[in-house]
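A, B, C and D are the chain letters, set down in written order, and residue numbers restart from 1 in every chain.
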Amino acid sequence: GGADESGSGNDDGKLTMGFAQVGAESGWRTANTKSVQEAAAAAGIELKFSDAQQKQENQIKAIRSYIAQKVDVIAFSPVVETGWDQVLKEAKDAKIPVILTDRAVDSKDTSLYKTFIGSDFVLEGKKAGEWLVKEYQGKSDTVNIVELQGTTGSAPANDRKSGFADVIKADPKFKVIASQTGEFTRAKGKEVMEAFLKANPKIDVLYAHNDDMGLGAIEAIEAAGKKPGVDIKIITVDAVKDGMTALAAGKINFIVECSPLLGPQLMDLAKKVVAGETVPQRVLTEETTFTPEQAKAVLPERKY
Amino acid sequence: MIDVGTPGTATAVARVPLSKKRPQKRHIPVLATAALFGLMYLVGVVSYPGFSDTQILLNIFIDNAFLLVVAVGMTFVILTGGIDLSVGAVVALTTMISAVLLRENWPAGAVLPLVLLVGTLLGLAMGCIIHFFEVPPFIATLAGMFLARGLCFVISDASIPITNSTWTGIADVRIWFGGFRITISVVIALVVLLIGAFVLAYTRFGRNVYALGGNQQSAMLMGLPVARTRVAVYTISGFCSALGGVLVSFYMSSGNSLHAQGMELDAIAAVVIGGTVLAGGSGYVFGTVLGVLVLGVIQTLITYADLNSWWTRIFIGALLFAFILLQRVVNRRT
Amino acid sequence: MKAVVRHRLFWPAVMLVVLLIGNTFYSPSFLKVTLRDGHFYGSLVDILRSATPLALVALGMTVVIATAGIDLSVGSVMAISGATACLWISELGDQNAVGGVLVAVALALLLSLVLGVWNGFLVAAIGIQPIIATLILMVAGRGIAQLITGGQIITVNSSPYKVIGAGYALAIPVSVIIVAVFVAVAAVLVRRSALGLLVESVGGNPTASRLAGIKSARYIWIAYVFAGLCAGIAGLIFSSNVSSADGNNAGNLIELDAILAVVIGGTALTGGRFSIAGSILGAVVIKTLDITIYTVGVPTSSTLLFKAIVVIALCLAQSPAFRAKFARRRSAAEATA
Amino acid sequence: MDEILTMRGIGKRFPGVVALDGVDFTLRAGEVHALLGENGAGKSTLIKLLTGVYDIDAGEIRLDGVPVRFTGPGQAQAAGISTVYQEVNLCPNLSVAENIMIGREPRRFGKISWSKVRQHAGALVARLDLSVDVTAPLSSYSIAVQQMIAIARAVDVSAKVLILDEPTSSLDASEVQQLFALMRRLRDDGVAIVFVSHFLDQVYEIADRITVLRNGGLVGEWAVADLPQLALVEKMIGKELSALERLEEQGRPSVAALERGAPLVAADGVGRAGSITPFDLTIHKGEVVGLAGLLGSGRTEVARLLFGADRADSGTIQIDGKPVAMRGPGTAMTHGMAFCSENRRTEGLVEELTVRENIILALQARRGWSRPLSRRRQDELVSKYIKALDIRPADPDRPVRNLSGGNQQKVLLARWLITEPRLLIIDEPTRGIDVGAKTEIQKLVAELSDGGMAVLFISAELEEVLRLSHKIAVLRERRLVEVLENDDAVDQDRIMATIAGGNP
């Protein structure tokens, strides 16, 4: 345990956590930050927070600074999977346990971090694909799919794409006829969908890597005089409030949840780790999927 | 040498009074920047316990070694009145190529010179397009930026870990002195810095760089090798970006298309904060170092300040503003 | 004919035509514009509509660049403008109230003007180098935009607001009308008054301008305020188009595209002579390129590479030095053949 | 004498202009060869073609009998051709020493030895009798000093051909003499020198042969002895000299008569630390006040302070008897002042704008942006002054950058004349202007003052100052030492004596 190593922040016996966030690039991320902050306050953990503005080097700097500040535990959402060995080794040398959130690192040396809590993006893509397969069971017509990818090169974009592709490739009737990045934003989602609609006369399904792009695409579809959710079926990932509203209204057909609310779980883990208890290497966030009916039911208490 | 002879007694002689000798006048901006950097550091020391640790100062070097190298290259370019927007992308491309080749089990000894060569050639190509085809530097290097980033994505759109033992071995080396540590990267950056400063101050090429920034037309009419110099600065910048990329791959042990996003702006900002004028012709590499350190301290202050995401940005902007305002005031006074 | 070829906008125009024709190979109906739901519908309409924010930003950027300056903060100003308007509208009791929406728009534009004044103050009054002066707002402005939105995407449900960016009037997109009118007014204002001349003079030779009695600070200031206003309107169109404000992503990296548009349009980054029509054409070329990428289905991993190749080709085509060398090589080849 | 350089059938066209057509030029070792012609005749272009600044369209160049074609001044320099181009072409951001030595700095193991650079440059400027601090940036010196430094750089490169394009245009008599001494010495060492100048007296003093160009064509080549000055002028302008009447000594009003009323402008103790000692000066309506002095004696500084281009740190300026707070050129202009700077390239013209735009700039600035001059009014004004000053080519929509040096100077003058100032300050207005145009400008000044305009006239040519001024203020070492009434008692010697400090 690190609590006895004495640090600047824990003279009062309070646990200090350094949390290096990726940034505030989306509403999802902001909800994630909020969840961590609120859970820390509720759990009586002193939280040192820093925003890396989507830059890995900033995150490394922040972690270094937490080591220098001698916090009790470090948690962070890696911007990318690779390249953490060095700084994690430094943390290990300083006997500060590390918890990964939201996304894994690909280090071979698993002793560098205590545990990883977060979603599985590949699994999300698979869930989206499975729904599609089920939806079109028994039909033999080709299903023309267009895909709005996340930011090129980002892990969620890569994984959600491959998970989805894995599932649908079993059946040749599913054809991805166009796939382009919408950079996770509504504006790009709309712009790209507009072009898709003009270039492809027949689109059956839209798969968007997040709700925002899907919401942008819905506007494009409506402007083209089609009915989203009916003329074109829409699957998205995330389940933020705006997305759930559209789902409840039938404009989206299926949403795979990717929950940002892992604060409470994280704080539990942190306490256990600092106390020296053993924790599982991998903790999945509690996530589900939503159909329009389910969305209507949970919408009133949806927070983010 | 021509002997003009002694002046005739009858000819009146223009006796222009010599301006008062203030040899350091041109160094004042750099000195002012140094002083302000010191002030900023002091603010950190006073506000946050633990900030006074010398290792924090060294960490600024460790964390910014690659930026330093890139900014030195940028200094050359900006001194000629040009600009290089491709540096961040070339850094990323370097990490990407290194990672891929190392994954294919190429020896580190072959990968290193190869990636440096790629960056250098990219710089050379941009320099040629800028000089011989008279494409504005901003646009030529913007295209270079698209190209290099584009190549990254073509190579792979996922990040690639670097596990080569030589590479990680170099990355892991810590040089200890008196209980403090720095990395090899810092040493490399300092060497690049010294070479850069020497070249600019003590070689003909370096002086041609200043002349070009002073007035390109004049430099040409004075018979200076304008083409060679102009192409060379972009080549140097390309090399420095590639070397910076290698240091990044040491720092983050991975190749990633998304590495070093926006680093061009950081480098330009560092150069300008260091007192170099964007129009070219005046400035020093040591100013650039101070610029990098200022950005580094700002970043460090941020991690200590425990700020919300958006306040982080506002705070960075405010610190930058305060710094530049003070810099203006100090320089105007003198 | 020769005069046409030598015109500074000849090559960008050629590029535009080539892109449009190229698109029809992939999507034969690309150039077709039909009437659907009472408004024009087609890829050409999309191009114009999605080019509007960029064209506006490029317009402001043109004037700033003419003073030998640069404005990196336009993207942040866009984000702030959109966020302000959406925040105000989202607090309205009735989001469809035209009065409330107008107040929101006015508020956003006022704020954009203030931000322009701030940039102008740093450059013209304090004398900070433009790239750094506007870098301050570029960084801090994103923070301010996120502060306004609370880091969330503010979604509004206001049909009057939606009209600005996604509505149609006389079957034409309202945003296109707004931009066309605004650009026309700005162009007339700049060219019919002496503003254009004085700005070009200040950018071309500041010392000489001062000695000719031109108050350069005033014109530099005007340029940044104008750029702020343009970015503000662009922000409104952008956010209205998707009925939401995204503090983090709205206008992200648009400064690069805008500068590219300005340069494609024939305005030198060193200041002086500027061409508004050129910048607008530049913006349309860039947007067409984007749309082409979606239409043709360039794989995401190659989009940047594709963009790079097009930009390089365009730059070389536009470079007289390149054409001269190329022509010489060809005539030499013919001679030996 | 052996021909060291021959140019045959040289042709060059720029878009819309044939700058040179079939020009021959022969240069022999050990001669000073004057290249003459009106403004825009093509002198500078010929030089730039020779040294590879521009590509040649037609013709052949032989150096020592071998055909050559340089791709740039660097190559020409390496082949032994050293050039001082018309406008000062040095780097303002570098030190004086560096401007002299750049590209040929003494090195040890590749490392520049700065002490040697300074030493060498210092010795060189000392021998040219320039008292400048070689470590100071070039930009801190006046145009004239910069011109000397450019010459120092060129002659220090041991060359077989030395080209001087209007080197004397901003030098005063003593500097010119020094330069000539230097040129004679070089000529005697066998260096071939090309000398371009609009000062015909200087040509006859130094040159051995003359080549005349007109409108881009060759008129001919003569030995100096075979071509009397009158004939030369006729060759240059291509018509009888009668058209070029001399400035008659008309009955000019006396200073006493002019100064009966209150002064238009009165400077009282105006000065600026470090650049000029406080001075008093009054200028009346219709009066031409000349400023005389050596290089860097502070003439330009006097003008700049009066115009508000630099802020005075002491004294007051009264206009029409009322003190005026000079906040900058704008203030001066609203009170009817105009200032035509000596430094036309950096302080005068906006190079990429057209002739028209450059001419209306000051007037437009005074009117403000919201009251543009109508296009008709512009055309009227511009064509009037293009005609009056004979600006060539007479195309108002050509970029001013492409005009020859002399014509650029005229454009600058036109800019200020159309503002119809009450006080016109002109700093070296006749620099680089050909004989015909020079007389025109002198005539203009006399006419303007007859019409009631006050003129502050600065020129390095004492003769010109004497001819035009009612009153001459003499400066020495940045101090106004005396104001002389220009009566019959005053002549060049008298002024030289004052300049030199009393001892003749």
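In this text, contacts are C-beta pairs under 8 Å (C-beta built on N, C-alpha and C of every residue); 3 or more make two chains touch, one makes a residue touch a chain.
Just so we're on the same page, UniProt names per chain: B, C = Sugar ABC transporter permease; D = Sugar ABC transporter ATP-binding protein.
The structure presented is a predicted model; accordingly, all values stated were derived computationally and were not measured.
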| item | value |
| --- | --- |
| Of all other chains, the one whose Cα centre sits farthest from chain C | D |
| Winner on C-beta contact pairs when B-D is weighed against A-B | B-D |
| Chain centre separation (chain B, chain D; CA means) in Å | 42 |
| Separation of chain A from chain B, taking each centre as the mean of its C-alpha atoms, in whole Å | 36 |
| Centroid spacing, where centroids are CA-atom means, of chain A and chain D in whole angstrom | 71 |
| Geometric centre distance via CA averages, chain D-chain C, whole Å | 45 |
| Residues of chain A engaged with two or more neighbouring chains | 23-24, 30, 33, 152 |
| Sequence positions of chain C contacting 2 or more other chains | 146, 151, 300-301, 303 |
| Listing of all chain pairs that touch each other, if any do | A-B, A-C, B-C, B-D, C-D |
| Contact set on chain B toward chain C in their complex | 85, 129, 132-136, 138-140, 142-144, 146-147, 149-151, 153-154, 157, 265, 268-269, 272-273, 277-278, 309-318, 320-321, 324-325, 328 |
| Contacting residues of chain D [partner chain C, same complex] | 307, 309, 328-330, 332-333, 339, 341, 346-353, 357, 360-362, 364-373, 415 |
| For the chain C and chain B complex, residues of the former touching the latter | 72, 122, 126-129, 131-133, 135-137, 139-147, 151, 247, 256, 259-260, 263, 268-269, 300-309, 311-312, 315-316, 318-322, 325 |
| Contacting residues of chain C [partner chain D, same complex] | 192-195, 197-198, 200-201, 204-205, 207-215, 219, 272-273 |
| Residue ranges of chain C in contact with chain A within the complex | 26-27, 29-30, 36-37, 41-43, 46, 50, 146, 150-153, 155, 166, 238, 241-244, 246, 248-250, 290-291, 293-295, 297, 299-301, 303 |
